[in-house]
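What follows is a short report on a single structure.
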Amino acid sequence: MSATSPRAGLSGPVLALLLVGAAVMLTPMVWTLLLSVKSNAALLGDSGAALSPPYTLDNYRAILADRLTSRWLLNSLIVSLGTTAGVLVLSSLAGFAFARLEFPFRRSLFLFVLLGLAIPEQAVILPRHQLFATLGLHNSYPGLILPGLTGSFGVFFMTQYFRAIPRDLDEAALLDGASRLRLFWSVLLPLTIPAQATLGVFTFLASWNDYWWPLISATTSDYYTLTVGLASAQMNYAQTSGLGFLMAQAVFASVPILIVYIVFQKQIVRAMAGTAVR
Amino acid sequence: MASLALKDVHKSYGDTLVLDRVSLEVAARELIAFLGPSGSGKSTLLRIIAGLETADGGEVWLEGRRIDALPPGDRGVAMVFQHYALYPHMTVRENMAFGLRNAGVPKPEIDARIAQAAHVLEIEAQLEKKPGQMSGGQRQRVAIGRAIVKQPKLFLLDEPLSNLDAALRTRTRVELAQLRQRVDAALIMVTHDQAEAMTLADRMVVLNERRIQQVGTPMDIYARPANAFVARFVGSPAMTLAPATVMPGNDRFARVRLAGGAEVMTRVPRNGLVDGAPVSLGLRPEHVSLAPAEAATLQAEVILVERLGDRTFVYACLADGLEMIAQDIGSSAVRVGDRVGLRIDGDAAHLFEADGTGRHADAAT
Amino acid sequence: MRWCGLLLLLLAGCAAPDQRPEIVVQRFFGECGVIHGGSTDVAAADTECGILTTLFNRFEAENPDIRLKVNVVAWPGYPQLAAQIAAGDPPDLVTMHQSVISDYQDRGLLEPMDGVLVEAGVDAATFTPAARAGVVKYGRVYAMPWDTIGRLFHINTRLMAQAGLMRDGKPVLPRSPDELLAQARQFKAATGKPYLVQAHVNAPDFHVALLYTYLLAQGDTIFPDARHVRLDTPAARQVVALFRQLHAEGLTTRNQDFPAATARFVQGGGGIFPVGTWMIGPYDAEAARPGSALYRSYAIAPFPRLWGQDAAFVDGHAWVMPRAARSRSERAAIARFLGFLARYNADWSRTGQLPAFQPVLETDSFRALPHRGDIVAIASTGTQLPEHVRRQSAIQGLIGEELEAAVTGIKPIDRALADAERRVNRLYAELP
Amino acid sequence: MKSGGAPRRLEGLAFVAPFLLLYGVVLIWPLLMGIGISFHRADLFGAREWIGLGNYATALADPVVHQAIGNTLLLALLIVPPLTALALLLALALNRATRGAAVFRGIFFSSSVLSVTIVTLIWRFILTPDAGLLAVAADALGREPLPFLSDQALVIPAIAITTIWWSLGFPIMLFLAGLQQVPADVYEAAALDRAGRWTTFRHITLPAIRRTLLLVVMLQTVGQLQLFGQAQLLTGGGPGGGSRTIVLAIFEVAFGRWELGYATALAEILFAMILVVTLLQYWLVTRREDAG
């Protein structure tokens, strides 16, 4: 059998290598989990203590009692969901127009948008910080969300996806008396759901994990995202004595995103494989 | 009164002319087939009627109303797409209801119409399924159902049978024939399959090179093709066109001589034909038969034998290289390589002038 | 559906309008709400973080008419402060090292606080000499001083005794570089452990403090004017060479960042930890805990005189007010907050830092704190950086990085010092 | 499709306008602002003085910048090829419809969902010689733990390993997507032609997923050239600047030293580097495609 035949099971040596790889992937996480269920005192000076009991959930209780961590979690959710929703809406509208409608400068505008794929965040972030200061957008949700909405990738991706939908569906809808908006909303948009799922999950992940921008834009702890909030705790030497708590925070912060991932895993894989419309 | 009327419709894409001043009238409840090779403009014409393309000029009238400036949904036409274009995310019921809802048809009426159409098309059991769960034939019916429920004044069918396998195609053809009995509207179907057109259509419109070549009943077009293109395009196997010259004479009918020297007496009136003018002698296979050498008009060598069971088509090559198709009995013993004699039934032969214009045997006599 | 949810979340984000004046206080020292929660019992709290947290809680409890927003930032918080000021959204009060004040003051980013301190009832005449030097720039008070940070030797007397380096219950400290090396070797031979516990990783201030101290001792002028630093000097080479030697011979811990070094000393992993006053409190607590490696074997001493004369480079924490438009009521709230803090300066000194107010320094309760007698002189004699020194935070990073490289043997000493000097001078050249 | 007069033609603009507006204001305008600022001696708080190419000249002569560029390129080199190869191998092994493969896919993707703060936190307590897992393991074996975060020779590999562990998921997904586009009958034909595993890979799989490969390499290169969080949080750029990346340098210059002009000039240099590297990769691959 060949390594690439899709139905066959995993052969012995391949399986063994995969198991080793999986162990390498999981060990750091298990280690983190172990550290998070040890009391801070037990870990002081001897993190090896994490390998043996007693274990405790005190660190997690402490997190639930700590209003800051929950606030950061909420901020991350707001920013990530807001960014995701925004990207999906904007990319779908623009993608539909670029793929299906005729309007002046359509081609030039599309090229203009593609240009954005080549612009790294670094080339923009400092002046944008200045710009947002002028606009008074720092330490606000719009200030955290707007930069995430300017990615060209979503528009490009949705345009490609809309283009792949057979045009006779549009025509059938036109004959059925649908307006452009109705065509977009009732006929084509539902067909892009796999693409929306993919783009949505990627956008959510990217936004959730964004670090640079929230680090300099969200500067009061009210608006910290989890990433920045945890970084502020991590770099405080006062936290040396709170290793277990720190690790519990890490686990706590990862749970929502892992849930998102597990829920959408099928969509991610399927949509990335480019399921055809029909 | 004409149901649909096209007046001087023309259309180009940039510099490329795709329809050149097309005019046509379709009667109420008539089934018209647009037949032509790809690129002939037949699909463009259909789409102009539907409103999916805009003509550069000309008028489209339906039931006394000029519709060429209306959006597709307001024209009172329904279309069955070649690939059905069913909305994949909607159930069959939703597919059928979509257009009605857009038109503001009341809900009870929508339900009634869907129930009626589903009954007629025998897809009641499939109403809650999605297109992806159905076979090609079922999807075809749904596509038709979606058109029927709109109760249009005109049905447009774009290559309705091309996506079906052979067995299904025959059955669907019968169903289409029954369908038109039930609906109170004209139908236009686009096809490149002449058998489909001939079996279904009341009249056929043969298109080629951006223009209508001929409009007529199937038998009319088969028997009296307006020009060489129609003659060769309609009928299978295609009519043989043999180069010939008009022989001088005073007969009522024209006598022609083939390039190889053989002469054929036709029943085409000779008035207007110039002596010695080059023409083409048009012969359908059924008018060329195998014959013993003494009764034969021509001698030829068999290059291909096509056995259909009830009859046999014999492709034969004349000495001058011209290929001619003859029809023989089903149990014909002829084999490739045989030398055979061909007998031409001059009474049924057609003549085509140098510009392609067809002349046909005088039916009156 | 999702949109509705999002909308709700956003609405929840903007609470009902609050008429109370709001002050935003930004501090480092870490986040420990988990341990101290809503406690207002300042006296019961320990550690920098704990004392400040309970102090803030107490202020909120006593002053319900003021909204106090606390913003905890990662140490040292200056990149974040710069971002905030650039964003036009600075906090009202910020913890700032006194060595950094000049920088912000020079750029016009800080408000003079003479007025607000008077309103707060805080008399600038009560500042200790070291604190005054730290917060008064060109004749105006730019911050309320909070403490004076000195650097000292934290000593594990049990290990020192084991190495034969105790006399009359006091640690024997070197009086010259050679003696330091000799004692360090003796210590290592006797205990098998490094003489010094040091942070070489990601801890630029660590070596910078050592270098500044011993340059001051040798009478070097480190910052001759506002645009230059002098580091590539014989005196500096001597100092760096000594620490490089210690590192090379394994007489110090290696490869540790600050948390690691802190923990190592607690575990009895080395003899002397030359770090700041802020560790006195935590280590004292360890010294009182039976079972600890430091149990009854902890002492402190000023940096020994290795070259020239006794010297102490000091810094301190202070509360500054970034320049911003503030209403009268907000100013009043800030003044009240500062007055409140000043009253608790004695509690802060339990951390080990020296108080910023002379009266506190002279109280019996402060004198009664352990070890304080050994270091109290620093508050009067400690040397701050000159007021014209700008960009201290960035410069400390640059110099510290080069020093780390030199001490750990990554770079030759000459080159590291030359590089440090060049990098700092280049930075100064870019200043307006 | 249909041309229906001016209103209908403008309808399309209405659909793209929201995105274009944001794109222009929040991306393109700052991009142009940045280029402008880079020609100034500018501080973070608004002071501006035109110095032309001064910042660029300084940058080209600045050894710290050289070191940062070197570190960044080295990191990209240590991360992108192993990451790509590893991801491709795993995708090949996991490109099957069994439950086991799905579980493995989940495992290898799981780290990608963690934020950089958490990844560095986890790895700090793997790598640090005092409390890290590796130190615990070394202790158990009676060995001296390696100072991954403080040795100039080890710190870049340490960051590379951390990054590879973190970033493995997306390339695997992309490769899986690419592999599923390869029609199965091609493999069946190859099997009939008695092609071995390597031959099949080399002559069938690889050409079929060449575009995906290019995409992965380009995305990863662009991403790794902008490496920031790992260096800042794990090592602070140390020791001795040994792990300072360009972006970390930009951050320090901007917010530590307030030299906005110099920082934006560095950002533009990075922008140019990224453009050159990606165009080069694109050109290399497509050129071979044309030739082959």
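Read from first to last, the chains carry the letters A, B, C and D; within each, the first residue is number 1.
To be clear about the criterion, a contact is a pair of C-beta atoms (placed from the backbone, for glycine too) under 8 Å apart; a residue touches a chain by one contact, two chains touch by 3 or more.
Chain-to-protein mapping (UniProt): A = sn-glycerol-3-phosphate transport system permease protein UgpE; B = Multiple sugar transport system ATP-binding protein; D = Multiple sugar transport system permease protein.
No experiment lies behind these values; they were computed from the predicted model shown.
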- Query: Looking at every pair of chains, which two share the most C-beta contact pairs?
  - Reply: A-D
- Which chain is in the middle, if each chain's centre is the mean of its C-alpha atoms? A
- Distance-maximising chain from chain A - centres being C-alpha averages: B
- Message: So the centre of each chain is just the mean of its C-alpha atoms; given that, what is the distance between chain C and chain D in Å?
- Response: 37
- Task: Averaged over CA atoms, how far is the centre of chain A from the centre of chain B? Could you give it in whole Å?
- Result: 57
- CA centroids of chain A and chain D: separation to the nearest Å works out as 16
- Query: Any idea how many Å lie between the Cα centroids of chain B and chain C?
  - Reply: 94
- Find every residue in chain D that makes contact with two or more other chains and list them. 1-3, 130-131, 251, 255
- Message: Going by the contact rule already set, what residues in chain B reach two or more other chains?
- Response: 51-52
- Message: If I count partner chains per residue in chain A, which residues reach a count of at least 2?
- Response: 45, 130, 174, 216, 231, 234-235
- Note: in the complex, chain D contacts chain C through residues 41, 43-45, 47, 49, 58, 62-64, 128-131, 147, 149-152, 235-242, 251-252, 255-259, 262
- Query: Considering the complex alone, what residue numbers of chain C touch chain D?
  - Reply: 78-80, 82-83, 85-86, 107, 109, 200-202, 254-257, 260, 263-264, 391, 393-394, 397, 401-402, 404-405, 408, 410-411, 419, 423, 426-427, 430, 432
- Enumerate the contact residues on chain B facing chain A in the complex. 50-52, 71-74, 77-79, 81-83, 85-89, 98-99, 102-103, 132, 146, 150
- Any idea which chain A residues touch chain C in the complex? 44-45, 62-63, 65-68, 74, 77-78, 81-82, 85, 129-130, 132-134, 136, 138-139, 141, 215-217, 219-222, 231-240, 242, 245
- chain B-touching residues of chain A, taken from the complex the two chains share: 166, 168-169, 171-178, 182, 186-187, 190-191, 193, 277-278
